[in-house]
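Chain naming follows the written order as A, B, C and D, and within any one chain the residues start at number 1.
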Amino acid sequence: MCLLRSRLTEGKKVRCDNFRPMVNKLFASPEAALADIPDGSTIMIGGFGHAGMPAELIDALIAQGARELTIVNNNAGNADTGLAALLKAKRVRKILCSFPRQADSWHFDALYRAGEIELELVPQGTLAERIRAAGAGIGAFYTPTAYGTRLAEGKETRRIGDRDCVLEYPIHADYALIKAERADRWGNLVYRKSARNFGPIMASAARCAVVQVRETVELGALDPESIVTPGIFVKRVVRVAPSMRKAA
Amino acid sequence: MCLLRSRLTEGKKVRCDNFRPMVNKLFASPEAALADIPDGSTIMIGGFGHAGMPAELIDALIAQGARELTIVNNNAGNADTGLAALLKAKRVRKILCSFPRQADSWHFDALYRAGEIELELVPQGTLAERIRAAGAGIGAFYTPTAYGTRLAEGKETRRIGDRDCVLEYPIHADYALIKAERADRWGNLVYRKSARNFGPIMASAARCAVVQVRETVELGALDPESIVTPGIFVKRVVRVAPSMRKAA
Amino acid sequence: MKKLDKKQIAARVARDIPDGAYVNLGIGLPTLVADHLPRGREIILHSENGILGVGPKPAPGEEDEDLINAGKEPVTLLPGGAYFHHADSFGMIRGRHLDFCILGAFQVSVAGDLANWHTGGADAIPAVGGAMDLAVGAKKVLVMMEHLTKSGESKIVERCTYPLTGARCVNRIYTDLAVIDVKPDGLQVVEMVEGLSFDELQRLSGVPLRRLATAA
Amino acid sequence: MKKLDKKQIAARVARDIPDGAYVNLGIGLPTLVADHLPRGREIILHSENGILGVGPKPAPGEEDEDLINAGKEPVTLLPGGAYFHHADSFGMIRGRHLDFCILGAFQVSVAGDLANWHTGGADAIPAVGGAMDLAVGAKKVLVMMEHLTKSGESKIVERCTYPLTGARCVNRIYTDLAVIDVKPDGLQVVEMVEGLSFDELQRLSGVPLRRLATAA
């Protein structure tokens, strides 16, 4: 055959490039893994409380400098570090979360009262399902949650069977920053206890999922029955040693 | 306090009774686990090919005698045993599946051509998602699958972002008959290889999920990180020894 | 009359949870129920951040930052417990797999509407968490709260004045004064504390109540 | 001209799959592609019944009835592979996580409509499987088929006469005669077999084709 030209892999949908010789998604540092995040990105950040919070990736995002971000997280930052520090640095335009108000959410509270941050408050299960819908290619879904409440105002509703439902749309992201326990070079992940929380669904909903892990293992070392996030959802893995975690 | 009467657990929603002293979902035999299936039930049957097919439970369903069943399975029976035998015995009014036509689906083929069985043909991913939606309490969802095809005729559609979508509704079942590898008395399950297929979602979508397993283990013996179906979705577990499997 | 204290309300709720039940305890007051579950019953607690089979608080020094409940307090896992992600966890809730959830409340209406997430203040920063999912999801929604506000007004109301968490979702209310079922045709008093008359409870509640019919 | 046989078409498709790609091979003809993936490339095969990292056929006697592909043939799992359930598997597909899927076809239209599940016969028993999900889901949908039907008609058509699997979903067509891209403005020939002229290909295809512009 006379090969004229092969342009098959140049499709613009492949934004976060997987294709390297011998699949290897391991990155050397949080900084390297987040270097290309542009201003205006939508970024999901995993974690519920400290469990699953990718502290070192958030620190690297703060150092990286991207602005006008839209953040998706269950909360809106605690005390003065992590997401709260990102908010304090005025790098966040909008936040989608279920539970912003906490005893130590003072940076969010101040920005919110000053009108300097937009809040989209989403019931926690609807937040999870909207993220999952993005990852699973669902266009929209009807949920009974929040029907008849202030959080459903202005939304389409429909009675289905014995339940009144609200129409909700997926939340897609450009990047997901999550934490897992262990990964291999294909990006297969396992988590630890309740630190799993939003990690698997956020990885699936982002064009580029970046994962910090405590340990990397050889390909084949993870039990295929127990892999929670298959590597197809993961673009970049950074090992953050336990000692670094404590120091942070 | 003067207790007048406590009727809290009599709610009619709890149809498949969980409440026994020291949660123990283990049943003595497939027959015992299926004894109460009434005529007209909707029954999901797990499996894709032979992988995950609950052969002994299907045999017990045939022996049990319930009629006018609606069956949900990926296929419509092969050769002369299992689901095909249930069809042959004219116990099935309707089947929902993605791939009825196979080289050895002669019992289905004959009933279908004779107009003696109703077929709802569902794309495989839509079948899986409709089952998952039932388990997850989703009222309905929009999917791009089948838009513009014969299988979307008469269905609501909507353009969402860059994709035309079709509105699909959940598939609920009265019973699910599935196969797993290992269970404990709470009904926690792990599967084996590609035999996992429809098991986890069917368990979640049925009021009464009945599981045949190769092995039962002590509570606590399954790794909580690796449990695929938490026991909350499972009502009845029957151990079917490997030797029985071979004999069937 | 002898009002119940918080622990006593929790113990009263706990008595109604049957063996084998799957239960979610909302953050705050309802978490007390865990300490009063009757011995000899195996009750499986769900935490919406991805745990079934939540066990008791860890011993001091044994806390694990990766094992917390929905209130972000350290917990343990019972043998037979399992971990899962947030979408699966809320699928369990929304899909009506939990037998009970137990929630605190600002107000409950005679129709079973629940208000427990927002005081309605214009300046208040809202936060909802999983309350709206639990309110529509569990097979039975149990509310535990004090019967009266600090200023003496009934928290059981004709119509909620605070923003709703869910409409027509509450099945039973446990207060420091009484246990009350929400029925399609109104509120039905199941129990009252010693020394409280039905008429007094009716007066304090300010909404129509009726007694549970007993065998005469 | 030298028509390609099935294996040669499969080999030609395989050449276009880059290192690191996630790929689903439809049942039938496309499964041949697995045998021709270039050595030295790490390509991760997906099977819609819940496998990533599908490996080669097992040695005779090593088959495992719990480890089969979407065509229900015994397979193996590569190191790094994983199992998951059907909803997760089709989430991967529908959610556009697969880089490529490779499907057989009865017909492809100039607009990229695909017909591959139903001959349209009134008496035919329909069966769709995962084809409609793959058609809308993969980032790139590649079709491999013979260029002409047994009676010599083009399978590339102005409008599909068979029932559609998906509308405007095909990105590239590999036949025994040519490789053709489906572009928004029409079909563009990328390659032809030795000895076949563009005019002859145009005549056989019966729909407007154009040559890929090359540096003159």
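Heads up, the rule we're going with is that a contact is a pair of C-beta atoms (placed from the backbone, for glycine too) under 8 Å apart; a residue touches a chain by one contact, two chains touch by 3 or more.
None of these values were measured; they are calculated from a predicted model.
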Required minimum of steps from subunit C to subunit D, each step between chains that touch: 2
Of B-D and B-C, whichever chain pair has more C-beta contact pairs: B-D
Averaged-CA centre spacing for the pair subunit D and subunit A, given as whole angstrom: 32
Sites on subunit B at which at least two other chains make contact: 129, 132, 136-138, 143-144, 163, 191-193, 224-225, 228
Residues of subunit D engaged with two or more neighbouring chains: 77, 83-84, 87, 90-91, 93-94, 137
Chain-chain contacts as defined at top: A-B, A-C, A-D, B-C, B-D
Of subunit A, residues touching subunit D in the complex: 1-6, 8-9, 11, 13-14, 18-23, 132, 134-138, 184-186, 188, 204, 219-220, 222, 224-225, 227, 230-233
Residue numbers on subunit C that touch subunit A, as the complex places them: 47-51, 64-69, 72, 77, 83-87, 89-91, 93-94, 113, 118, 123-133, 136-137, 163-167
Subunit D residues within the subunit A interface of the complex: 4, 12, 15-16, 18-22, 42, 44, 46, 52-53, 77, 79-84, 87, 90-99, 137, 139-140, 171-172, 179, 190-194, 212, 214
Touching residues (chain side subunit A, partner subunit C) in the complex: 48-52, 98-102, 105, 108-109, 112-113, 119, 121-129, 131-132, 143-151, 163-164, 191-201, 228
Contact set on subunit B toward subunit A in their complex: 129, 133, 136-144, 158, 160-161, 163, 165, 169, 190-193, 223-226, 228
